[in-house]
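Common to both upcoming complexes is chain A, partnered first by chain B, then by chain C.
Take a look at the complex of A and B:
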């Protein structure tokens, strides 16, 4: 616990020093200092934090209340296995992103940005996330939630001269605060009913409006996690932010939404007494989010936007596991409960690993080519083999390919859903099976999405000049990316060990009754053993792979390999522009899923006897945004504009308002 | 004889006999077409020839291109090792191994498609795009089949650990004979999956002369030498995997030698049926294929609901 508190202090101190640097005008020297100081403190704090969470027994709960100057609330922090589990990606990714970001910012124009300010908000974001996961008091939680929600606004707005970046940060800010509004209402209700802001007291009190509380929590935390239809900020914010920030936001901050939902179960009592439809709501939202997210991802041309939609999909899958856990708990199905909850947590860890890796890779691509528009990329595997291989690893992991970690998470979730076949009701069985089928469709489509993103960016021929001659940096600068890449492999081949951490966190999710608890732990141990068998079998497969590779090499000893041009099927004038493009690759899918993907094609051709100018444009706007949010906000803008009659700027009218208010108050006071 | 040894004998037999299945299909097609046709063992000759050759690799390609066939062969052999191949459960069987099996086949597809994209050829991109979509659509259908079997087993009061070795080892026919006639529809679904996953007519025509209309064959245009041999052999083994899933639904529990013989017989019979289908049908238009997969998916869902009603 002391090491953990020290980590918090280091973050705060680093933020203060960065703030001091940020106050002075930008010079190259100051930026250089800030860009060394910021990452170094972040990495140091993350290492201390990791030491902190691993120092105690993983399952032990350490609780600490400290005085603070505020008249209400308390500075109550705790580390239990759930908190430790959620802090793991925060610290690992936090350190990695700080390293990678520090390196990539060194290569930018030294006076263009105020790097002191950038690292200030980066450290505040880290501090906010750490406090959110460990706070045990509502006031402290909301304060750190605001720290965590506000600082990304400034981080996203890094390239603030770009109009689209400004818009994106506004969208983020609005979304973050609409979510926070629901959370303030949530905690205010809890406070009112229990008379205390401490989580432990709130958990003990019996609440009347549990359903209202549950909906508020789902709304508030769901907005952070990016659940459909509250996901629209993600595909705006992630492409606009610098990549090390997007990696941290996607890999660690979204988890805060999931963490919040799980933590809020503490306040509703025993999950066996939850209305069963809660579980079904969570499951339905989860599967809807997953399917929408992956289909939207399939339609994207911008690599970072694609990754953002894929985060939406993964959050949906995580929520699906949570829903399965809730349904199982309501029905007393230990296998489904245990595997649902632990599948949710396991997939959360895995998602942090591969999404962090992929966003950092996308950042390197952006850095060396100047674009993440996949229709201009291609052929980077040959020019940057190290980066390409890392991206391939991340893509295979996120597309749930064995033996990597994505598959292991999906395996646990599938086992949980299959366990749903022993639910009593026919409708329930069908509901679970629909989810299972949906999950399989999602994983199949995610393979298509990552085939598309990897092959359009790294394989084939360069589609434009910017990827013909990328400004390649030394692979040494890409070394931090090995950390999440290693996590992907460990989560796969060492799945049993990684699952052990999840298993212990699972027992502290909700207050499971003891009868279900022991069975759940047994179920999880059983699943852990299955993961072990899977990993062992896959290791055997790797041996087989190596031997086939050696066999091929031996066979080739005699005749060798010759190089030649790609076979053009008899056509001699092939060019790089004739390759399949991101839009054409998904054309068959776009036909089939047009309503969700929202892909529209417009073709202009000169209608003449001989072929002339011809152009095709393919767009995939977010239907939820264009059909719902834009009209709603437009309507609100008009409403606010119409209120301008009251606020017209004339001082004498304002004096009249004061007079009227006084008169009304006097009348009210006398009556 | 020890059951582990028996399994490895069957496994070896499957690996050796796998190239025979495409041979049978081609013979049947030749007979239907009134041609003399290729010899039955043509694929063996092709493999031997290709193994002795060198490779020509595109200047565009990277290691992904060379790794594709090796990975797809590995995954398909691993998937085969999880299946019961005739009366003996796989020694690798564990609860939920069907998930691993399906994803291993998915991994093979992933590697093949990436290898195709690595050449930068528009033709191969065409095949890759189709394969990625059809693969994604076929995956839920395969799981609906698995789930129907599991649901039957659950409703019959079996609490065993569900693995491929349990579900595809005489269980289906047994359940069918004990009043579960809906399971017979699964053979239809599995048959369609067999055609879709192995790129046979009516989904894909492996022998057409026009690259524009292909799926699998166009993806491997640039491969040559040992890598092409790996691809040909991997697709033969994949065909064997799906045929033995098909056989697993139809073969009853018998003494081991009889069940093995019958399973292998059903697999060769399936090859003959594929040959007949390929000779009598034309390839469907590309945008009809999702409808075909959808049809098999609806049938599988229907079976699943029937198994739940009881």
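Take a look at the complex of A and C:
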């Protein structure tokens, strides 16, 4: 615990020093100092944090209450297996993103941005996330939540001269605070009913409005996790933010929403007494989020926006596991409960690894070519083989290709749903079958999305000059990306070991009754053993594949076979335009899912004997945003503008308001 | 003594209404000066007991500040900034006058309705104090010029001062003196603000502030 507290102190101290640098006018020298100090502090704090969470027994709970001088609440922190599990991506990805961000910002204009301010907010974000996961007091939790929610606003607004970036950061801020409102109501209600702000006492109290509390938690934490229909900030904020920030937001901050939902179960008592429809609601929201996210991702041409929608999809998959766990707990199905909850946590860990890697790769692509628009990219694998390989690894992981971690996570979730087929009642079986179909559909579409993103960006011919001559950097600068890449491989080949960490968190989510807990732990152990065997087969398959590839190459080398360009066997007039574009790649799927995706396709086809110019564009605007949020906020804007009759800028009219208020109060007092 | 006290209170009321009718800046400042002198005179006629040293000191302070200091200061500002003599009433002259009369009626109703200690307020003092307070606020609302609004603020404060007269005991004299000091600081700050407003907007017309709203 001491090391963990030291990590918090280092973050706070680093933030203070960065703030001191940020106060002075921007110069190249100051920015250089800030760009060294910020990442070094963040990496040091993350290493200390990692040492802190691994120093004690993984399943042990360490609790510490410290004085903090406020008249209410308490500075109560704890490390239990659930907190340790959620802190793992925060520290691993936090350190990686700090390293990667420090390197990429060194190559930017030295006086364009205030890097002191940037690293100040980065460290505050890290601090906020760490405190959120470890807080055991409602007041401390909400303060930390605000730290975590406010700092990304400034991080997203890094390129604040760009109007779209400004808009994205405002969309984020509004969404974050709509969620925070629900959370304030949630904790206020808990406080009122338990008379204490400590989580331990809130958990002991009997609450009368559990359903209202559950809905508030789902709304407040769901907004942070990006659940449909509260996801609209994600595809705006992630492309606008610098890539190392997007990676941290997607890989670590979204998890805070899931963490919050799981932690809130502690306040609702025995999970076997939860209404069964809670589980079905969570499952339905999860499926809707996953399907919406992946379909939207399929229609994107902006690589970072595609990744953002993919994060929405993965949050949906995580929630699906959580819902399965709740249904299983309600029905006393140990297999479904154990694998649902642990699948949810395992996929959360995996998502942090591959999404962090993919966002950092996208950042490198942006830095090298100046764009993440896939219709202008292509052929980067030959020019940046190291980066291309890492992206391929991340894409294979997220597309659930064995033997990587994405496959293992969804494998556990599928096992949980298979266990759900033993639920009583036909309608419940049908519900589980729908979930399984949804999960399979999402996995298949996910493969299509990442084949598209990898092939359009790295394979084929360059579609524009920016990808013909990318500004390549030394692979040494891309070394931090090896950390999440290694996590993707370890999560796959070492799935049994990684799943072991998740298994131990089962004691915390939610506090299962002893009868169910024992059987659930046994189910988890069985699943862990199954993962171990799968990983062994995968490793064998991988070794065979590599051996055959090497053997083939050796055999071909002896025959003197040379490599040539694609279609170079006689057809000499190929060009970059004679290949799949992002739009043509998704056209069949866009036609199939047009009603769900809300896609608009525009095709200009020349049907003459000698065709001339032919074009196709596919756009997938966010229907929730365009048809719901935009009209609602437009209506609110008009309402607020109409209230400007009251706020008219005339000082003496304001005095008139005081006079009227005075008279009304006097009359009211006399009446 | 009692009838003189009542007469001064009536004079204060008439001055309130004349101020609402008045359309000239210098007239407003002069009337506020007269009000200040009358307030000092009221203090010299204690309702209970003999005239004490403390009351005399307070009366002198009120006379020096409200009767002489503030008017001279405000006139100096007018001359320095070359302000037009016209007050530029927003609501015309009739409407503020009518509003003043309504406020007088409302204050008379309040005198009947507000529960207060028997014999604490001499006749007419409470409604006149409240009317003065309301008239000050009406002046602030109805005048476009910042300096006229400062005068309105001064009149409103005079209303509060009148309310405090029956409550003056040995201890509250110092309380009144501190309020006076507070008013002095406020007028001083407002004058500086007016100066800045004039240099920023080339006018002290508060309607220009509309450009500051979002």
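As a working rule, the second predicted complex is superposed on the first by the 639 of 671 C-alpha atoms of A that agree within 3 Å, B and C clash if a C-alpha of one lies under 4 Å from a C-alpha of the other, contacts with A are read in each partner's own complex, and residues count from 1 in each chain.
Following the convention adopted for this analysis, a contact is a pair of C-beta atoms (placed from the backbone, for glycine too) under 8 Å apart; a residue touches a chain by one contact, two chains touch by 3 or more.
A quick note: this is a predicted structure, and the numbers were derived from the prediction, not measured.
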{"item": "Partners on chain A (chain B, chain C) - clash or fit", "value": "fit"}
{"item": "Partner chain in contact with A:451 - chain B first, chain C second, else both or neither", "value": "first"}
{"item": "Partner chain in contact with A:20 - chain B first, chain C second, else both or neither", "value": "neither"}
{"item": "Partner chain(s) touched by A:659 [first = chain B, second = chain C, both, neither]", "value": "second"}
{"item": "First, second, both or neither for A:636, with chain B first and chain C second", "value": "neither"}
{"item": "Which of chain B and chain C A:430 touches, first, second, both or neither", "value": "first"}
{"item": "Touched partner set for A:533, first chain B, second chain C, both or neither", "value": "first"}
{"item": "Of chain B and chain C, the chain that contacts the larger number of chain A residues", "value": "B"}
{"item": "First, second, both or neither for A:650, with chain B first and chain C second", "value": "second"}
{"item": "First, second, both or neither for A:212, with chain B first and chain C second", "value": "neither"}
{"item": "Minimum distance between Cα atoms of chain B and chain C in the superposition (Å)", "value": "52"}
{"item": "Contact residues common to both interfaces of chain A (with chain B and with chain C)", "value": "none"}
{"item": "Contacting residues of chain A [partner chain B, same complex]", "value": "378-379, 381-382, 385, 388, 392, 396, 399-402, 407, 410-411, 414-415, 418, 421-422, 426, 429-430, 433, 436-438, 440-441, 443-445, 447-448, 451-452, 454-455, 459-461, 526, 530, 533-534, 537-538, 540-541, 544-545, 548-549, 551-552, 555-556, 558-569, 574, 576, 578-580, 584-589, 591-592"}
{"item": "Complex interface listing, chain A residues touching chain C", "value": "644, 647-653, 655-656, 658-659, 662-663, 666, 670"}
{"item": "Contact set on chain B toward chain A in their complex", "value": "51-64, 66-67, 70-71, 73-75, 77-78, 82, 92, 94-96, 99-100, 102-104, 106-107, 109-110, 113-114, 117-123, 125-126, 128-130, 132-133, 135-140, 142-144, 147, 150-151, 154, 162, 211, 221-222, 225-227, 230, 286-287, 290, 301, 304-305, 308-309"}
{"item": "Touching residues on chain C, where the partner in the complex is chain A", "value": "90, 106, 110, 113-114, 134, 137-138, 140-144, 149, 206-207, 209-213"}
